[in-house]
Every structure is written in structure tokens, then in C-alpha cells.
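In the two complexes that follow, chain A is the common piece, with chain B as its partner first and chain C second.
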Partner chain A sequence: MNTIEPQGCRPRRLTVGRVGVYAFLLTAALFILLPLWIMIMTSLKPMDEIRLGNIVALPTALTFEAWSKAWSSACTGLECNGISVGFWNSVRILIPSVALSIIVGAINGYALSFWRVKGANVMFGVLLLGAFIPYQVFLYPLVRIFSMTGIYNSLLCIILVHVIFGLPTMTLLFRNYYLGLPIELFKAARIDGGGFWSIFFRVILPMSTPMLVVATILQVTGIWNDFIFGLTFAGRQNLPMTVQLNNIVHSTQGERAYNVDMAATMLAALVPLVVYFVSGRWFVRGIAAGAVKG
Partner chain B sequence: MDTISIRAPSISAPRATVRHRIRTRLPASLALLPTALVVLVVYIGCLLWTVRLSFTSSALLPKLDWVGLAQYSRLFANDRFLTSAENILIFGCLFISGCLILGFLLAVFIDQNVRGESLFRTVFLYPYAMSFVVTGVAWQWFLNPGLGLQKLVRDMGFPNFTFDWLVNQDMAIYTIVIAGIWHGAGLTMAILLAGLRGVDGDLWKAARVDGIPTWRVYISVVLPLLRPMIVTATVLLATGVVKLYDLVVAMTLGGPGIATEVPAKFVMDHLFERNNIALGTAAATIMLIAVVSVLAPWVYARYIRSQGRLG
Partner chain C sequence: MSAVSVRDVTVAFEAFRVFDGLSLDINEGEFIVLLGPSGCGKSTLLNAVAGLLDVSSGQIWIGGKNVTWEEPKDRGIAMVFQSYALYPRMSVRENMSFGLRMAKTPKPEIEKRVNQAAETLQITHLLDRRPDQLSGGQRQRVAIGRALVRDASVFLFDEPLSNLDAKLRNELRVEIKRLHARLGKTTMVYVTHDQIEAMTLADRIVVLKEQKVQQIGSPDEIYRCPSNLFVAGFVGSPQMNFIKGRLKGGDNGLEFVSGKRRLPLVGYQFSQKQRADGEVVLGIRPEHLTVADVGTWSDFKIDVVEPMGADTIVWCSDAEGSLQVRTNGCKGSAPGQHLALGIDTTQVSLFAANTGERL
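Right after this comes the complex of A and B.
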């Protein structure tokens, strides 16, 4: 960590420059916080108050009605069961998808970084390229494949899709991490007669905690926030929260209940926000690890 | 690759036989098999399938006839597609440069030994944790002319203030840009800040000795040093540009009219709603070509060339 300049020099330039720095940062912070503020305020007001305008004002008649309505009785088309349906669907999609994609990613990364398998690097190269290709290129044939095997529009289908498209990032993440571990460790385990799986479970996996945390953060936010896969593969019964939120917002008839919309939006944002605030620097590490480390 | 080949014999050299090597490596190969299958079937197979379908006349169901480039000429005569392509260019340029500029400024200002640094960082990055659907819905509400920002400013004593970009055909795409920058600027800041922290402290001392103003050092010395981070951020943002779909769906549904249509939405609509598979896959293929031609050199330089253990 390097300081900008020697400590002694600062007081001289304190006034104008420092004030400017803080003014800029505070303005930027306000701009970035404004939508969140407006969402929360709107969700706590009754509709009468919203119609008067002034979206940034604190509610005069504080009410949590919109939140409970958004959770349990907001309508998406004909069904009026609230966004809670989507919440539980998202949970059901999230847990197996995250677990499976991390396990597969860790095994791939281990095999790629410690073992010499013919063609593995070519496979890895293709996988990495795949990470940059727009999903639209794969979607239609994938839908056909899943329909042919009869699992299209099911929980299994959407989980598989998340695992498939999580492969590049997860594999890259663990491969890079394992490449940073000392090779002597692996050699010693080999000399002791460890095989592929025993080395993985006894030596490598116990050392992977930091990457497991990073990968979990990355996948939880990524999969929770997914829209396009849920829309395409999950089927009516399993629509995730993001898709349901979109349906609620766009399917209202008559006057839109903005307070309910905003409460539903906040509910949909809650899980990733909690993950973000709890994980702190790990979150940044997660984004950076997938990208910066090459 | 080469380093691994040095390593392997040293492990098993004393009693290495071909058989032994095969037996010990078999589990590794088996472990990679599912991924290899996915790469073959999905990443290569589905991609080729999509390209193949774009040369057919498939409508509701896929056919395997051959109509040459007919779908592509239809595509480039299609207003919706042309608008989509134009929009993604506008969005891409403004979004990437906006995020880079704002992200750089935020990173530089945060790097000035400010109090509450981690609080500022947390605030700047939180939008990135939210989904595009949430972002879109929030900004749609904030920018709606009836009750949102426009009314707020009018009520504050500026009755002629107009900000109706969201419902204005010519300006709607810029509201998507604003929402996008709001979502992505923090990420750029985080990446560039990591780069700034890596800048040698002696550089600042030298600059002080020479009496060079701070802003000049940032522009002329620090910015070139940050090149790798800027490239990384740009690539991350660019992949986001190509995938732009949820934000548009949540915010404008492509409207007003077709003013905010984007290629990803064009493909989705034609594949799953308009029953025009051939045209949809043709558009997807164009997206693929665009992405590959931009990213292939970068990916090559970054990953393929530097494979194996670097220590």
C-alpha cells in the first residue's frame, strides 16, 4: 500500500483540493444511492402519496402494506401469489446449481493444473472462448436437445444450464488458483501413493477454502440475478424471481401499483445485496479473480 | 504444457511404464470427460447447429434445407435488426467509455487518502450486485416523466423542465446507457483502483521533485501504467454489452416502438415468440461473428499464449 505523498505535505493543500475531492465523491455517492433510496421510499408509501409526486421524500404515512402485498399477493398475469413463489423457485434453482457448478469447476481446475491429460488444454481454450460468446448462439439448439431428452422446462433443466454456462468461469477460477499452489505439495502426495481422487479430497480441496468462498459469492449472485436462462429453460412452474419480477411489473392492468412494484424489486435485490454487504472485499476478489488473473 | 511435461517424468520416472502412466492418468481423463462432452455438444455443437440453421428457411420448426444467404439479406433489410445493431453500437460506445471515465475518476478520487474509503467503495460497487431486471425496473420508475425525476424537478420550481427520454423515441436508448453506467461504473472503479494501488510510490515522489501537477501525472504516467486493468475492464464491459437483454426488457421492452431494440432481444423474440428460427439464428450468427472478431485476438494473447504453470 503506497501513500500518495509524504504525510507532511498534506496540510498545505488541504483546503480547495481536499474539499473538491470530497465534493466529487459525495456527489457520485448520492447519484449512485439515489435509485436505491427512491425504491425504498416508494415501497413504503401508499399509492395516494405516490400520486402527489416527490419521489425522493420520506413517506408521511409509513406503511409496509406494499411489501406484504408484493411478497404474497402481487399478480403475474392470472396468478396472484406474489413474488414469494419466485423467491422459493430461485432458492430451489440456486442451491443445486451453485453446489454442482463449484464441484465441477474445482475438479476441472485440479485436473487441468496438476494432471497431464491429452487435449485438456485445447478443451480449456475452447471453454474460455465460449465464455465470451453470446448465449443467444447456443439457446435454440440447447432447447431442442433438452426437449428431445424430455427434461425441457424442468428444475433439472435449468440447473444443468447454469452448470454448463458456469463451467468457463468456475474452471478458470480454480485452475488459476491451483496453479498458484506449490507443485511440491502435489509431488509429495504422489510419492506417498495418492491417486487422483485421494489427492483431490485430502490435499487439494482442504486448501481451496478461499476459492470456494469466492466461487460461491460469484455463483450465488450470478445465478440469482439470471434472467435469460430462467425465462428460457425453467418452465412456468419454476420461473425464478427475476422473471417473476419482470412479469409483475409489466403485467399490471389499470394503474400500476408503483409501491408494490418497488417492494417486489427490493425483495428481488435483497439476496445479492446481503451477499454483497456481508462478503465485502471477497465480492471484489470474486469479480477480479475471474477476469484479472490470466 | 511444456512445464507439465518436465514435471510428469520426475514423479514417476523410476518405474514409469506406459501402462502405469495410463492407469494413473485415467481418473484425470474421466474427471474431465463430462466437461469435454459439454464443450463438444454445447459450446461447439450448438454453435454449429445455430450457424447451420441460419442457412435454412426454418420458421416454427427447424428444417435442414439450404437457402444460402437469403436470411442474411432479409436480416440486413430488416428495420428492427438495423435499429438493434445501431442501438448496440451507441450503447456499447457510450456505456464502455462512460464506465471507464466515471470508474477512473472514482478510483483516482478514492485513492487520495480519503476518509471513509471503504464506505465509498461499498456504495460505488453495490449496483453491480443487483440484477439487470432490478436495475431496469428501478430506473424506469425513476425516469418516468409522469411521477419521476421530471415531476420532481418541476415541483422544485422549474415548471419548464423536461426530461422525457424514457418515452422519447430518439432518446430512449440513452436512458438505457445511463442505467447501464450506473450498474457498471463501480466494477470499473474496483478494477482500476486495484491497479492504482500497484503504482510505485516512488513515482509520486519523483513527480513532486520535478514539480509536475498531480493531474498531469495521472494522465501522462499513471494512465499508461493502468493499461492492463483498462483492457480487462473493457473486455468485461464489452461482454456485458453483447449480452444486453434483461435491462432493455425490464426498462423499455424495446420501446417506445422499436427505439431500444437490441440484437440479443431480436434473436430471443424471433426464436421463441415470432417463430422465425432461421432469421433468429442468422442474427445470432452475426452476433457471434462480431464478438469473435473483436475478442479473439485478446483471448489469444491473454490465455492461449500464456498457458501452463507460470509460477
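Right after this comes the complex of A and C.
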């Protein structure tokens, strides 16, 4: 009898199950990618071609006109300066909101985990409760509060709102990460004479890189994609890109310019997309590093 | 004046009282080891002394000063942790100088002290590395170095060697002892569950169990005259043999009787006068039993032989149960053989069966 002695790598075999798995994965990927494909194709076609209705087809007359129109001359209501205004508004809202909410969340998490303040658990519970109440509930009271203090409809107002609503998640994230760090580090720093701030900035924060990356990704995408807060609190001068996009799509006279709509949408989605592509690796690594003792 | 004095201290976590009125005096320059199984409160006590844990009542004095309400940094202490607790994002030099930098010590002084400590611990070549580039033993050396730099009068060690492998543990143990001798008047408080570390390092050992002090004494006292059954069983490896029996009045004084086994207690130092007919537990260390052809107790059969190199542990049993004997030879040590045991009566311990206290 001629049998092969098993040795080294086990031979791979294509089984029915394996084919099924690949088929499923492929379908799932297509399902997600198809709308994106249609959007990109539509944005690159002139209107004549779109009217033919072949939404999946490649453009025959490739044009970037829709993109430049969406960026600089599409009408968002009365003004026709494109979505670029909204883009820069969003950037101005995004940067301070992300930085502030992360640093405040980190400090919160640090105080709740290492210093074991009296009533820390109750405070944390209340903060978490905030995360589970729908945002819409807060809108009216917040509008009243801000208008009474006179900062309603301003950049400061929208930044404050983002920081406040980012707090529960950011605190939770950092608190849990810090609970995973060895408490001895903190004790050693206290014996070495560190105070609340010096321990935070010199010992704890430098160890928080993985969580800082995760928090940045969460906050950038969250704040960039926000619509309702921007619409409610930012004021006409500071409307973020998402609101402007909505205005472009809904304020067309006559023929609906699908290619411009698609291009504007792509532009609005670009920042989170770039963040994911650039930091996706870090994102996964950050979560893993948080889970296993680093 | 004592270097560290714990006076009637109670530590409580909410309703649970860890210590209730515990007092302990540690002399200047002394090496004290707090020894006990996990959960006995030894680390809690150390943390309370360090000021990392608030005491509910009582006082803590260090160097003749009441430091009960002082911050850890103001207590003149340095601490070494089991997990090393090195700041991962700092180099070894930065780790060691962190405390001094926090205290705003002038730069040349920092430089001098770090270099000195590094030399003492032979880690000068590691000064610019990061903790993750060091081995376990090197990390613990750095952690000790960080404590050394602080120039503290009291050193607190929280199981510093428990994360190391056996060889490194022995090396560093000797190093710590050497360090204590070199520093002269520095007091060291060392927490461990390892009785070998306790025996080898301590001037005095404090044995703790369930948050209560069981015995305080020199390693020799603890080993030879354990104050109760717990201490007797916890200290010493292999464990002390315990034999249940009763005291009976014999021809010349009291006699221990357990079934066929009898032992006249001539030369045993009772702590107080004993009446006959009490239930007792006799404790004999394995090395105080000798293998003989004709001994005090006979008719033993060897069950298991464990050669350990320097000596051999022989497990043997008779009708009453089994005993461990430490012998230094391999003579006559094969399972199934018969032997008799000789006992040095002056070396045994007797405990009351009901309270576990030494008689």
C-alpha cells in the first residue's frame, strides 16, 4: 500500500464549506461597496449620461465638473459658494472639540480610576446614564440655557455641546483603560512626590497613546458626521458640512443635479474615510493593546 | 526611639475591618519582614505605613514624627513593588531621577545621586535604556535603584522578588541583604509570603495570619519556638510533622502518647506548668528526626524517597500515619524498607489541640 507519511505543512483542500465562506464574504463586500461605486460613477458623469439610467456603468465622458461645482459653487440656500464653506466650518468645530473632549475625558477617567474620589462610582454612573439618554431630549433645555448665557449660535456653543456629549464615552474609555494599568505605577509616582497633575501629564498620559488614538478616531468621525447639534447650536455662520450638504441636496431648482449631490456627499464623507484608512491599523492595535496588558 | 511605629492602627474598607488596633514597633536600622499567606493583610499594613492607604484610627510614626496625615512623599520612605512599577515611557535614568525632579533637586545633585545608585546596583550601562528593554532582574534592580536615589530612611519592599525566577530571586535576595548592611542605619520593611526570604533576610520576622500578628521574633526564634500551630506549619519546608496525642504522667515527668508512639518529654521547656491528660499536638521538624536501627519509635516503613541533592526527604509511616524525615545520606532509603526513628526531645514543639497555642 502506498500511503504518504504525514510531514510538514498539512495540505490545503478546497471544501464546499470554504467555497461557501468565500461566497458569503464576497457578497457582503459587494453589498457594502456597490452604493459607493454608484456614487463615484454618478459624480463623474455629466447629467446627459445620468439620465440614461445606467447607474452602475462606467462614465463614457469622464468629467470632474460636478466635483468642482460641489466644492465651490453649488447653492446652499441663498448663497452659492459650494460645500467648501461647510468644510472649513466643520474643521473649525472639529479640532477644538476633539482635543478638548479627549483631554477632559482622559482627566475624568484618571480621577475616577486612580484617585478613587469619594462617590466616584455614583458620579460615573450618572455620567453613563447621560450616554444612554437620547440627545433629542437635551436639545430644547440646552438651547434655553445657552441663549440665556448669551453664547447660543456661536462656535463656542457648538464646541461646548460636543465636549459635553463626548464626555460619557470618553470618560468610560479612559477610565476602563486606566483601570487596566497596574496601580503600583500610580503608587510609585505618589511616593516619588507626584501630585494630581504631574502624575497625569508625566506618567499616565504618556502611557495612553493607544487610547488617545482610539478616542481621536471615535471623536473625529462622530463630530464630523454630526448633523443635529450643528444645525441647532452652531448658528448660520458656522453651519458644518453635513448641514450644508443637506441644503445642497434639498435646495435644487429645476433639474436635480445628481452628479453634484453625489460629489458633495463624497466630499463630506472624505474626512472620516481618510481617518479610517490612515488609522485603521492603529485603531485595531489600540483596542488590542488596551485589552492585553501593555 | 523606633524608626517606624504603628500604634493601634485600624484600617477599614467600608464595613470590613482589615486591622483592628494593630501595633508594631520597628527599630532603627532593623530589617523587618512581614510574613504571611496571601490575604493576611501584610501588604495593606505596608501601604498604610507608606501613606498610600488612609488609616481609620490610630497613628503611624516614622523617625519620631507623627506622619499619620502626611503625604507619602513627606514620610521619608522609598518603596519597591512586586510589579517593578517602572514608568514605561521613561528611560532608566529618568525613572530613577523622577522623584528628585519632582522635589526640584538641582541637576548636578540628581546626576550624582543617580550615578551613585546605579554604580551600587551595577546598572550604569542600562541608564539610557527603556524598561521594556530590560529583563525582569534588571527591572527590579532599577526599581531598587529608584528607591535608593530617594535617600530615604525607611525602605518598604512589597514582595519585590515574587515575579522573578528562582535563580534571580536568590541573587537579588543576597543583594538586598548586602545593601542593607552597606546602608547601615536604613530601616527596611519587607513583605513576603516566602518563608525562605523571611528567614534569610530578617532581623525580626512578624508572622501575620488573618490580619492578626501571630508572632514577632528573630528567624531563629520563629523557627525553633513557633508560638502556635499556624506559625509552626507556615515556616519551614518541608513542613513540620504534626502528631495528635495526649499528655500522660510518666515515671519521670510528662509523656506524650499517641497510640503506640510514646515520647518522654525530658528536657522540653514548657511555657507553664502542664497537667497530664490534655489533648495536644506534637510538632517535630523533619531534620530533628533521625533514621536509626534502634530508635525511640520503631516499625516504620518507607513510602517515598525524595532526594534533593544536599539532603533527602524520606516519607515513612507506621500504623498511626506518615512522617517526613530529612536525612543527609541516601543510606537505607528505598521504598518498602523498615526503619526506626530517633527524636531529639529538646527540639520538639508542643501545642494545645484546642487553641493551637504553644505549651
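Going forward, the second predicted complex is superposed on the first by the 266 of 294 C-alpha atoms of A that agree within 3 Å, B and C clash if a C-alpha of one lies under 4 Å from a C-alpha of the other, contacts with A are read in each partner's own complex, and residues count from 1 in each chain.
As a convention for this text, contacts are C-beta pairs under 8 Å (C-beta built on N, C-alpha and C of every residue); 3 or more make two chains touch, one makes a residue touch a chain.
Here the structure is a predicted model, which means the values were calculated and not measured.
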Larger contact residue set on chain A - chain B or chain C: B
First (chain B), second (chain C), both or neither touched by A:278: neither
A:207 touches, of chain B and chain C: first, second, both or neither? second
Touching partner for A:91 - first (chain B), second (chain C), both, neither: neither
Touching partner for A:189 - first (chain B), second (chain C), both, neither: second
First (chain B), second (chain C), both or neither touched by A:171: first
Chain B/chain C common contact set on chain A: 187, 190-191, 294
Touching residues on chain A, where the partner in the complex is chain C: 182, 184-185, 187-194, 198, 202-203, 206-207, 294
Residues of chain C that touch chain A when the two form their complex: 47, 50, 52, 71-73, 77-79, 81-90, 98-99, 102-103, 146, 150, 158
Residue ranges of chain B touching chain A (in the complex, touch as defined): 1, 4-5, 7-8, 10-12, 24-25, 27-29, 31-32, 34-36, 38-39, 41-47, 49-50, 53, 62, 102, 105-106, 109-114, 118, 120, 122-135, 137-142, 147-149, 151-152, 155, 182, 185-187, 190-191, 194, 197, 199-201, 204-205, 208, 229, 232, 235-236, 239, 242-243, 245-246, 249-250, 253, 263-264, 267-268, 271-272, 277, 280-281, 283-285, 287-288, 291-292, 295-296, 299, 302-304, 306-307, 309-310
Sites on chain A touched by chain B in the complex: 1-6, 9-10, 18, 21-22, 24-25, 28-29, 31-36, 38-39, 42, 50-51, 53-56, 104, 107-108, 110-113, 115-121, 123-142, 144-145, 164, 167, 171, 179, 183, 187, 190-191, 195-197, 221, 224-228, 232, 242-243, 245-246, 249-250, 258, 261-262, 265, 268-269, 272-273, 275-277, 280, 283-284, 287-288, 291-292, 294
